[in-house]
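Note that the chains are named A, B and C in the order they appear, and that numbering of residues resets to 1 at the start of each chain.
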Amino acid sequence: MAYQWDWSALFDNLPTLLSAIGTTVLAAVFSMIGSLILGLPVALVRLSRPQVSWAAYLYIELFRNLPLLVLVFWVFTVLPLITGLALNPFTCGVLALTLNLAAFVAEIYRAGITSIGSGQTHAALALGMTRPQLYRRIILPQAIVRVVPALGNLWVGLFKDTSILSVIGVGELMYEGRMVATDTYRPLEVFTGVAVIYYILAYPQALGVNWMFERFRVRE
Amino acid sequence: MSSDVSDVLLRVEGLHKHYGPLHVLRGIDLTVDRGTVVVLIGPSGSGKSTFLRCLNRLEEPSSGHIYIDGVDITALRKRLPLMRRNIGMVFQHFNLFPHMTALGNVAEGPRTVLHMSRAEAEARAHDLLAKVGLAEKASARPAELSGGQQQRVAIARALAMQPEMMLFDEVTSALDPELVAGVLAVMRKLAEEGMTMIVVTHEMEFARQVGDRVVMFEHGAVIEHGRPNEVLRHPQHASTQRFLHSLLKEMEV
Amino acid sequence: MNSATHFTWDFGVFFRDLPFLLKGLVVTIEVSLLSMVAGTVLGLVVALMRLAPARPLRWVAAFYVDFLRATPLLIQLVWVFFALPILLGYSLPPVPAAVLTLGAYSGAYLAEIFRSGILSVAVGQRHAALALGMTGAQALRRIILPQAIVRMLPPIASTFITLVKDSSLVSLISVSELMWAAQSLSAISLRPAEILTGTGLIYVAVTYPLSLVAELVRRRLLTV
């Protein structure tokens, strides 16, 4: 007997799914902001003297090599146990994503900063600038331009990674998709629809990243 | 050197090439007798290199016919690689295979294309490297060789296929001036041995001394051709005169 | 801090249950390796399709790469495990479903790596090979791929490391690998904190050395 497709399972529940996109975006935005902020001190420590940079190195290597799923569960299950803090799933998810992403952001900052030729550092110091002035006036303005496209790539991965938050009950697109699929007993139609929604959402993001690579292309 | 054997090796009829709206070759007709050296000259962008690459169909002609030994090669599809064995090509940027030694480069054609045994191919390669004066560099990698040495290996690599005809695409343009003479010497020796050669070059002295015919290209068409002493010393066409004049001025600087 | 939660670490439980976790680790490694092999084969085929002269081939390959890289791995896993069986008419065991999905997913990334690796070999090399009378296939095999492989090794290595990390997701479709083992233990154990922390450290103990090796390979290849 041929399979009877029933797309109403998907389309009747489309409003639920579409509003879940809001949670997806919110989680991604908060995590992106958090990691952009957290990544900077990590990068700066990583670039400072060896006696302290090892701490940043540990952070970066730990969170780059730890699977995100493990981190999400850890923040959700273990963190409350050891700190006594009660955190809602959304906060746990954003925290885990931020900790994970900040490690990659720090490496991008570091590459951006070190890519600026040392000649400029010498010139600035020769003029009598202090190190903070050097960073503020010379290095960071140029580094920012170089890192933006790489950060755009990170964003695309982050957006997809929000789906992992579904396992701790955050109501983003993946979670709502599973709910609808189990409620309607129509996993084929619903999950296909969810996948297509992700695909459609990815399109403008990819265009945005391409635009960033064009706009911020470094001309030496 | 005149060839009284009227043995036409290459005949080109009405060759056109378009790159989209650009009409790069406008109806080229050319005949090349066996054992002769034809030199193609002209300003950059005049279509000389494109024409050369059409001869072994690294570029696809838009229309026209190319006959090699009587065979219309423009119609070939599956037998195209076979045809290319008969034509050796040397490139401006050498295009040596960097992951092989000089010996490996020269032996690669015989081994992979002619299915010779490794021993036979390498023996032939050794002979050819000696012929171009690089016997002792057999186990060197391209990166360890000078530009002139790399180009001579490239010539040996093409010769290893024992072609009937050799195509040279501005093979000294990318070389430091002091290395040019070494490569031209190898080409001169080849010509003296009777190889049929079509050479795109700016080296006018070479054209005069070694060439049997000089063909002047401009804007994708042949505007003048004849014996070297005629074309180079007494150019008839205004454009040829202008071009040769500009080359002279460059050399004075 | 707030309420008096005196949490004391006790890794005794973790070490007692370590053999169970390590069995899961073996499955993790098996799944990762199988998926990598599948992904490499698939990636090579798709890369060649994207470089083929026939436009339908190029289009299909490009769509495959686009779609699998644009959608989260989790939805792909869930789809293959729950939705595909409905289409096929029979259910797929967890491990084949996992390897199929991970293989296809990494295959999409590897296809891009292979394609840009092949394209990065200067066009003159292809011309020189063809001028000698090689067929396109001979040129690819003897001249282009050997040069491309060297450049592709660093991104291939990091794809594998990512694969090992992503393999943790297949615990969610009931594959008895490391993460699944940790979850099972945490559910019945009194000490989930130590188990999860220890599991995280096991993952890092596997992927960190791999990333060091990958970095070493990258440095050596850059200087050659």
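The criterion applied here is as follows: a contact is a pair of C-beta atoms (placed from the backbone, for glycine too) under 8 Å apart; a residue touches a chain by one contact, two chains touch by 3 or more.
The structure displayed is predicted, hence computed values, not measured ones.
**Student:** Using the touch rule stated at the top, which two chains are linked by the largest number of C-beta contacts?
**Tutor:** A-C
**Student:** Compared with chain A, which chain's mean CA position is the farthest off?
**Tutor:** The chain lying farthest from chain A is B.
**Student:** Based on Cα centres, what is the most central chain?
**Tutor:** Answer for the innermost chain: C.
**Student:** Determine the centre-to-centre distance between chain B and chain C, using the mean Cα coordinates as centres, and give it in whole Å.
**Tutor:** The computed centroid separation for chain B versus chain C comes out at 48 Å.
**Student:** How many Å are there between the centre of chain A and the centre of chain B, using C-alpha atoms for each centre?
**Tutor:** A distance of 56 Å separates the two centres.
**Student:** Using CA atom averages as chain centres, what separation in Å is found between chain A and chain C?
**Tutor:** Averaging C-alpha atoms per chain gives centres 19 Å apart.
**Student:** What positions in chain C touch 2 or more of the other chains?
**Tutor:** Counting only residues that touch two or more other chains, chain C contributes none.
**Student:** For the complex, which residues does chain C have touching chain A?
**Tutor:** 1-5, 7, 66-67, 70-76, 78-79, 82-83, 86-87, 161, 165-166, 168-169, 171-172, 179, 182-183, 186, 192-193, 196-197, 199-200, 203-204, 207-208, 211
**Student:** Write out the stretch or stretches of chain B touching chain C in their complex.
**Tutor:** Going by the criterion above, the answer is residues 56, 58, 81-85, 87-89, 91, 93, 95-99, 108-109, 112-113, 154, 157-158, 161.
**Student:** Tell me, which parts of chain C touch chain B in their complex?
**Tutor:** 122, 124-125, 127-135, 138, 142-143, 146-147
**Student:** Quick check on the complex: what are the chain A residues that touch chain C?
**Tutor:** 3, 61-62, 64-71, 73-74, 77-78, 81-85, 160-164, 166-167, 174, 177-178, 181, 187-188, 191-192, 194-195, 198-199, 202-203, 206
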